[in-house]
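Following are the structures in question.
After this come two complexes, each holding chain A, first together with chain B and then together with chain C.
== the complex of A and B ==
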């Protein structure tokens, strides 16, 4: 077990805790950069998809994990991003390097508008309001006529960055990796700034945040803006990965899937978004490998995948509410204090309902 | 768009009313659970779907007489709701609301998959409780829609009387305010909570059986539950009269919206909800109050 000596306050907001941690993450980055050398095309595309989902997940993490605003509508902003990017590139001929920031801005502004409207809502009301944003957005895109291509959708133009055609798996992989690393650094940096701390204060107690002089409505809107901008970038990259955008891909179910993704990963942590993305992208692949060993009657039935997905979620919520990252922390703790690990250390407190509804 | 005649308007109003009553039946189940335990059941639509499928099993596949099948369905669904609380949801008592959101969402996904694996993912027909239509002048009304309206009215009045006059109703109200205090007063908190879940599943099953002749039985019929959510929110979540009023409002405006904007079919409910929430963020009959600093 390493002991950290605190010598200055700046130590609390350093990017990495110490050299060892920096070395670990540097190693991971090197591993990810070299992936095209030792992974074949299919798995490389899957890994790129993990990064895209992780970007969307990071956005949702800012909103739900750090600012405590439950959002069932993240897919709406992914959809807005995908469509904005496709239309800007395909119809108005904007180059990729301009279209991507513009897309982030468009999606972010849409998110800020929703956030401003929803800034007075809480809990369930917010959940249903954002859910209906997802449903309404899907319907509007479907009914948008020639502008959005209706239910038939739009073809996505080829990705070319500064004249370089991104026509190979490893090229798009590296683009996604760059964006993913950027998203992580942005999120990590956000948490080290004043506005990031304000977001967390809003999550932990709106009343005390307001008492400390945090402009709650502004920071809720800010969280929605950031989260939607991340989602927009993820949507743009997703559009390139799918070659074709249709409204159905970004429906309500996708929103719920994204939310469940960050929950499985571990709510309120950057690691959680990444772990969750690995889970949600690789689960179908793993399941199709398992299916070979199962009797055909179960494996061939259409509900098998979603049944397993639902059951895994149930198990996580009941037994490991901190998600994959929480489990990892426990394992890590077990070894770092070995043999002094106590199960009690992580036990959930027993609580009873005391309503806030009635005064 | 040509102008609607008075008969058309009446017809749409009645259709909307019966649809709104079906939403209310789902919403009543939601609000009951919320009132008692502050848990939000996102799987209520799936409870309704399960009710329709269990009814399909008894009435169509096993060929039982209609009303016997309905009785058995309600019993099975009651036991199902009781079991869901006793085995799964109870473990999360007192945890943050968000945890239960996720739990019930996951439950909904699992239930849809299970129903699909047992009965298949197609569309199935279930006979209407009372076949035929009632004609009053130019307006035509299916008997099952009338039944839906009557049943909703009956359940609303019954629940009002239950909470107002019965000992168990009072116990449930106590439970909803403070579980620990209710427990100290000798109220069997666990059992009562499960009974409330059973009641909510039974109301869901009623809605499913009434909805089945209209929309067909399928695994995706549970998505109507989200419209019931919208209705309950319009009314102010946590109040039964509010939920019924909200669902009726949404049900009645929906057919008119669909006729006015055919390309935007199906989102009228959510737009109405947004409009209401913009003006009153706590719904029409507010149940949650912002903390004063």
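== the complex of A and C ==
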């Protein structure tokens, strides 16, 4: 077990706690950068998809995990991102490097508009409102006529960055890895500064956030903006990965999948979004590998994937509400203090006197 | 000179008059306590000052300027910080993060510089951290600095709430039952802390308190209210001897 000896305030402000942690993450980055050398095309594309989903997941983590607003509408912003990017590039001929930030802005503003309207809603009402945003967006894109290509969708133009055609798996992989790393850095920076803390304040107690000067409605809207901007970028990259955008891809199911991703990964942590992305992208692949060993009657039945997905979710909500990352922390703690691990160490004290809360 | 003036303030919830033509003023550098039986409207007075409620009549002034044009989140900007009767901390954040949120009013919304963590942000973070650390030392919270607030014992959490109000560097501090739920020693600590806050930091303290021992030890003046109306004001002895106060607590003599 390492004990951290703090000698300066900067130690808590820096990105990494100490050299050991920095080395670990440096190692992961090196591994990710070198993946094209030792992974073949299919798995490389899968991994790139993990990064894309992780970007959308980080956005949802900002909204749900940090500012405490449940959203069933994240897929709507992914869809807006995918369409905005496709239309900006295909119809208006914007280059990729300009189109991507513009897409983030368009999706972010759409998110901010939804956030402003929803800033007085909590819990179930917010869930229903955002769910309706997802449904309405899907319908609007389907009925958008020639502008959105209707239900037939739109072909996505080739990705070219500053004249370089991104026509190989490893090239798009590296683009996605860069965006993913950037998204993590932005989220980390947000969390160690004033606005990030304001979001956490809004999540934990709106009344005292307000008493300390936090404009609650504004920061809720800001969380929606950031979340939707992240989702927009993820949508743009998803469009490139699929070569074709249709409204069905970004339906309600996708929203629910995204929310499950952050819940299974672990709400309120950056790691959670990444773990969750691995989970939802790789699970279908793992399932298809397992199916080979199962009797045909089970493997070929329609709802098999959904069943496993649902079961895993149920198990997490019942036994590990902290998600994959929470479980990892416990396992890590078990070995670092072995043989002194106590289960009680992770049990939280019950909070009393929560009855007379003001909103 | 009066720091905080509550001028004939009234507030009704439907037919219930929670506060009824109440007036009082708190001098600068004073420790001023509001007492009264349950349901007397003490917390409502705090919520009025913090703009959670808007008075139906009357005015509240801080340093001569009306507070009524401030939104709830702008009250701290005017220099009023408060604690809550039932602790309202950010449970899932560390003690230090709680204090850093307390520094909120001393910053500006600068989205790009925050997302990119420019050097100016680093400097600000260090400065906020230094201020937070002063309060940590002032209230002897060093041992719990990095603990999650949800894991701390009740007495410490009560202190954290006080610390969080202090880091915002208020002119007037509103304490809603600072000793409720505390042990005898913790209450003594709180009494010392309140005196230090006034003597060393020069902050005007307005508190609601039931523990008359604590009230007697720290308050300069006491205001007694009942059913939202003024009963008596003066030193602890004067107020306790007032027949209307005794009647409010014990019932009128037959």
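For the reader, a short list of remarks on this structure follows.
Following the convention adopted for this analysis, the second predicted complex is superposed on the first by the 346 of 359 C-alpha atoms of A that agree within 3 Å, B and C clash if a C-alpha of one lies under 4 Å from a C-alpha of the other, contacts with A are read in each partner's own complex, and residues count from 1 in each chain.
In this section, a residue touches a chain if its C-beta (ideal position, glycine included) is under 8 Å from a C-beta of that chain, and two chains touch if they have at least 3 such contacts.
Computed from a predicted model, the values in this text were never measured in an experiment.
Touch criterion not met for A:32: it reaches neither chain B nor chain C. Of the two partner chains, chain C is the only one touched by A:215; chain B is not. Here chain B and chain C are compared by how many residues of chain A each touches, and B touches more.
In the superposition on chain A, A:306 makes contact with chain B only, not with chain C. In the superposed pair of complexes, A:283 makes contact with neither chain B nor chain C. Look at A:113: by the touch rule set out above, it reaches neither chain B nor chain C. Of the two partner chains, chain C is the only one that A:192 touches; chain B does not reach it. When both complexes are overlaid on chain A, the residue A:207 reaches chain B and chain C alike.
In the overlay built on the shared chain, the residue A:318 is in contact with chain B alone; chain C does not reach it.
Residues 207, 210-211, 348, 351, 353-358 of chain A lie at the contact with chain B in one complex and at the contact with chain C in the other. By the touch criterion given at the top, residues 47, 50, 52, 71-77, 81-82, 84-93, 96-97, 100-102, 104-105, 107, 109, 111, 114-117, 121-122, 124-126, 129-130, 133, 150-151, 164, 168, 181 of chain C touch chain A in their complex.
Remark: chain A residues 9-10, 12-13, 186, 189-190, 192-198, 200-201, 203-205, 207-216, 222, 268, 348-349, 351, 353-358 touch chain C in the complex.
Within the complex formed with chain A, the residues of chain B that make contact are 37-38, 40, 88, 91-95, 97-99, 101-103, 105-117, 121, 176-180, 219, 223, 226, 229-230, 233, 237-238, 263-267, 270-271, 273-274, 277-278, 281-283, 287-289, 291, 293.
Per the touch definition, chain A reaches chain B in the complex via residues 70, 117, 120-125, 127-129, 131-132, 135-136, 139-140, 142-143, 145, 206-207, 210-211, 252, 256, 259-260, 263, 298, 301-307, 309-311, 313-314, 317-318, 321, 348, 350-359.
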